[in-house]
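Naming follows writing order (A, B, C, D, E and F), and every chain is counted from residue 1.
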Amino acid sequence: MTDTVSRRKIEVLVDAPLIPRVTAAAERAGVSGYTLLPALGGSGRGGRWSDDQVTGVESKVMFMTVASAEKAAALIDALAPVLESHGLLLINTAVEVVRGGKF
Amino acid sequence: MTDTVSRRKIEVLVDAPLIPRVTAAAERAGVSGYTLLPALGGSGRGGRWSDDQVTGVESKVMFMTVASAEKAAALIDALAPVLESHGLLLINTAVEVVRGGKF
Amino acid sequence: MTDTVSRRKIEVLVDAPLIPRVTAAAERAGVSGYTLLPALGGSGRGGRWSDDQVTGVESKVMFMTVASAEKAAALIDALAPVLESHGLLLINTAVEVVRGGKF
Amino acid sequence: MSGGLGVLLSPVILFFVLGASAAFARSDLSIPEAIAKGLSLYLMAAIGLKGGVQVAEAGFTADMAAAAAAGLVLSCLIPLPAYLALRRFGRLNAVNAAAVAAHYGSVSVVTFVTGVEVLDSGGLPPAGYMVAVLALMETPAIIVGLMLARRGATGVEAQPRGALLHETLLNGSVVLLTGSFVIGLIAGKDGYAPIAPVFDTAFRGILCLFLLDMGLVAARRLRDARALTWRTAILAVVFPVVNGTVGVLVGVWAGLDTGSAAALGILAASASYIAVPAAMRLALPQADPGLYLSMSLAVTFPFNITLGIPLYTALATALS
Amino acid sequence: MSGGLGVLLSPVILFFVLGASAAFARSDLSIPEAIAKGLSLYLMAAIGLKGGVQVAEAGFTADMAAAAAAGLVLSCLIPLPAYLALRRFGRLNAVNAAAVAAHYGSVSVVTFVTGVEVLDSGGLPPAGYMVAVLALMETPAIIVGLMLARRGATGVEAQPRGALLHETLLNGSVVLLTGSFVIGLIAGKDGYAPIAPVFDTAFRGILCLFLLDMGLVAARRLRDARALTWRTAILAVVFPVVNGTVGVLVGVWAGLDTGSAAALGILAASASYIAVPAAMRLALPQADPGLYLSMSLAVTFPFNITLGIPLYTALATALS
Amino acid sequence: MSGGLGVLLSPVILFFVLGASAAFARSDLSIPEAIAKGLSLYLMAAIGLKGGVQVAEAGFTADMAAAAAAGLVLSCLIPLPAYLALRRFGRLNAVNAAAVAAHYGSVSVVTFVTGVEVLDSGGLPPAGYMVAVLALMETPAIIVGLMLARRGATGVEAQPRGALLHETLLNGSVVLLTGSFVIGLIAGKDGYAPIAPVFDTAFRGILCLFLLDMGLVAARRLRDARALTWRTAILAVVFPVVNGTVGVLVGVWAGLDTGSAAALGILAASASYIAVPAAMRLALPQADPGLYLSMSLAVTFPFNITLGIPLYTALATALS
């Protein structure tokens, strides 16, 4: 059996122009490993959107990181202002990760 | 510490031509917030597929929504016919979300 | 209420050139259903990357499969060598799936 | 080398062969999906414009009405014998047989475009209105196919008819083709001139790149085609030969010029892989997409591109 | 058909109409985002190069300085009356009014490109330096808009100014336009010749395809525009008419030739949907993107493409 | 301005500089990945076709065999001294040194394409068969690099040889280049004519757009290059100068014409960033991709595009 450890997976749906701010906040919170995943569109209180590379303003990207519970909490705190001002969706899931070379 | 609440994350892998029907079912079930994520390919009992924008028929998209347990149950019931007829994959995960402006 | 069963969701972030090896390992472990999701970029101990289709070497793809606990364990064991050599991220989450035509 | 099998050595066809060979050899050569989609939209806009400009020049003629009627009838009737052959010889169930039959009643834009290229370079340009015939033939077969499915199989749900009809008639490819045709009609030769470098001069080169992709796609599908039996594979060659012959005969009989009769044959012989599969996935989810895509895209399409088009052209030339 | 409303029947505009019609009819026609982005980058590079080559030919002139000054002043001042109108007549709050006002002070590259096409084919080519004026007008309005927001509303955070200024001035479209302009200036007519087939001969055809996409995008947005009231919709038509008229007047008064004065009118009339929305989303998250995109992209842009450009052109012709 | 450093002011190179400047200034300018990939596939098809058509015209010659042999030998031998320099002067471990050495033995298609453009416009067109030499040189260095890694380091697993060889020889770029070359050979000048507007006339303009992207990519990589020490950075400039000189000398000695000798120098000087990185990521996962991509893409590639190509050209002109 391969060894696994408990971690938190944090997913944040971020407006494309905001990505640099989110990754900077992550780095400040000590989270240096993350992955960005594309999104195609969606719907919320602000109406519908779909990925739009010409104006660029409506594209959103899923920021995803796996971190220990403490680091995850620190990240959420660091992101609090931008979550608030831009009303971003943040999802926090309990996961296990395999101790490859990675953790 | 930022405040979090428990929710369900529902993910459904949907054939591209079916998306309007799935989002319509979601809206009928009272789920107005959702995000669509792209998929590249995969394999299942129906064989392999890969994203193919020319014929369009084999593309699939991940419909994702975070909702309360009751709304999630209502959504799954609303989707039941199309899950059945098209044999779609539906994943239901326990998550926490941050109460930004969002929930 | 629609019937659900407990499963494991395994997500592995795979370098694009390695995908055939990962899917082959999955098939050897008896996992024949999986989905590939695109990724845009990220950061880790090896520095930053972003999807790059010209050289192709830095692209990564999220391999995702939902399987029973035993099959998931078998898959993780089958992937162990490549997880080790390439230091891949593997995430293992408890999920529920709806018994559509699928499971 | 202007006619017959010499066509097989033109770059357009050779790029198709290159793509297919790369896929069979399991090369990782691949064209980004967004590019392939972009190329296919370009081809539809270009062929639509060209047809419209030609009709603007030639005016509306009796031929045109004859060709339109012939196309409509072929699209409605071809599914019927196809359905029977698929059930009897192909041993398919009613739903699968109906879905496949609809594909053969409808048409393939790329096969048509390639056929026009071949006819043009062989000195037999089809009339511009054949583009309108192409657009007319895309959808009727879908409705016939669904009627066959409902007859043959119990448990095929009554779909929301209106929705499906809407989705079918306003399918992106139908809209772009028809729209470009109308733009060509309005703009005429003078309005077309400034955009001709993109839509006319560049056409063949871009077709090369698109057929490279289609070669990859068709061969990958053939390689992974579990759903294909030898019976259905045979039908996927017999259908184009028979339908193409019928199409040429009808065209000649309706009084079309040689190029247009050949083009009608090409349309009849071709099988859809854009509008129809999408409609079937919605309306007949019980049908197996692996089956209908394998037949139309992995067998019939390559057959038409390489052997079919010269065949129907030769037949039309012989008969008129 | 060379001037006036005959322009509405050119393929460039007809493709825009086709896209819009397809979206209104809820067709699934769509152009991959990567292709649309690629086309827009191409248009910026092409228009920048063309302007640079023309300036390399014509040399730097006093006109050029006058046009630049006029453009800068327009970009800074247009937001002020717009803001007042949006607050009073449009009934928007201060933040939304400021965000929308910034869009109207800035410019739309595609409107300009389409305008240049129309002017060129009407025999009134604007001077090459108008591309530089376009680049100059993209950003000042953003700063004015943010100042308005800070005045009118409490709770608008002091943003990291430096970061925003950097993001705005180095916005991809500004960089590509300016950079291509400089390349055209350096390369001159001789250096441009070997790349002219792509950037010049193909320009109109590619503009057709891009406007097809813009038609789809604008009409989809109009269809889903919950944020648009009849008051803001009216302003989205009044603004271009007023600003365009002012732009033409300023251009004529500053001594520009007819084509350039018309181009200045087109710039003044146009509303940004690339640089400004991105800056606003960062700096004024409280403002509603649904509102400013609907006004600029779903109303003002189609108005300018179809009716506005001929209007400002006619005005410039009448006045000079 | 036809030769020497005047080349640096051609739009093709200026677009590269524009891309690099934008990335250094941290502009958000970016070209969609699908477009960049599409452009690179286009360039490979175009250069392959062109070479094939030229060989179809000129016939097979003894020169061709000499050039092929020279290319193969260079690709196999260049990694050996490079490996030693990387270990001794560069202070890399065996695995990293071997991986980097393989990159310098192999070739860069874009460097070659840009070099051919420069040679063509300087009146020194290389022979068409140099495209075949390019294809031949892509893969041998990979095998030499892996042998070096296995010698120098323990714990380098015996890879499934067959699989890797297959992946390398059927790498998409090798297949497309070779396939297009063969298509050009079959089609000849007459078959090529109808597709020449896309593959020939448009070539330079499209190369501009692609080099804009390469400038962005190279500069972003240089900016983020943590793995680069000053020692490896120096080697990334010394390698192309030395290998390029050797390549030109071998070319002249083998009796090639001036343009072809310069092209052989360009090939020898260039470092792969398509076929080799992918193979190394598979076969030598212990090697650091940050290192080999930074050296080949962020240092050697820009050096060759700007200074290297004129240098090797001048050398070839002086020697023949």
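Basically, a residue touches a chain if its C-beta (ideal position, glycine included) is under 8 Å from a C-beta of that chain, and two chains touch if they have at least 3 such contacts.
Since the structure is predicted, the reported quantities are computational estimates derived from the model, not experimental observations.
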- Query: Which chain has its C-alpha centroid at the greatest distance from the C-alpha centroid of chain A?
  - Reply: D
- Nearest 5 degrees is plenty: how much rotation brings the CA atoms of chain E onto those of chain F? 120
- Note on the structure: Expressed in whole Å, how far the mean CA point of chain A lies from that of chain B is 19
- Task: Measure off the straight-line distance from the CA centroid of chain B to the CA centroid of chain F, and report it in whole Å.
- Result: 45
- Message: Need the CA-centroid distance for the pair chain D / chain F, whole Å please.
- Response: 40
- Touching two or more other chains, which residues of chain A qualify? 37-38, 53, 93-94
- Query: Considering chain D alone, which of its residues make contact with at least two other chains?
  - Reply: 32-35, 37, 167, 197, 202
- What does chain E use to touch chain A in their complex? 33-34, 36-37, 40, 157, 167, 213-214, 217, 224, 226-227, 273-274, 277-278, 280-282, 285-286, 288-290, 293, 297
- Task: Over in the complex, which chain A residues touch chain B? Could you list them?
- Result: 13, 37-45, 60, 62, 73, 76-77, 80, 83-84, 87-94
- Residue ranges of chain F touching chain D (in the complex, touch as defined): 32-35, 37-38, 41-42, 45, 49, 166-167, 170-172, 175-176, 179-180, 182-183, 186-187, 191-192, 194-199, 202
- Query: Any idea which chain B residues touch chain D in the complex?
  - Reply: 15, 17-18, 46-48, 51-58, 85-86
- Message: Considering only the defined contacts, which chain E positions touch chain D in the complex?
- Response: 9-12, 14-15, 18, 21-22, 25-35, 121, 197, 201-202, 204-206, 208-209, 212
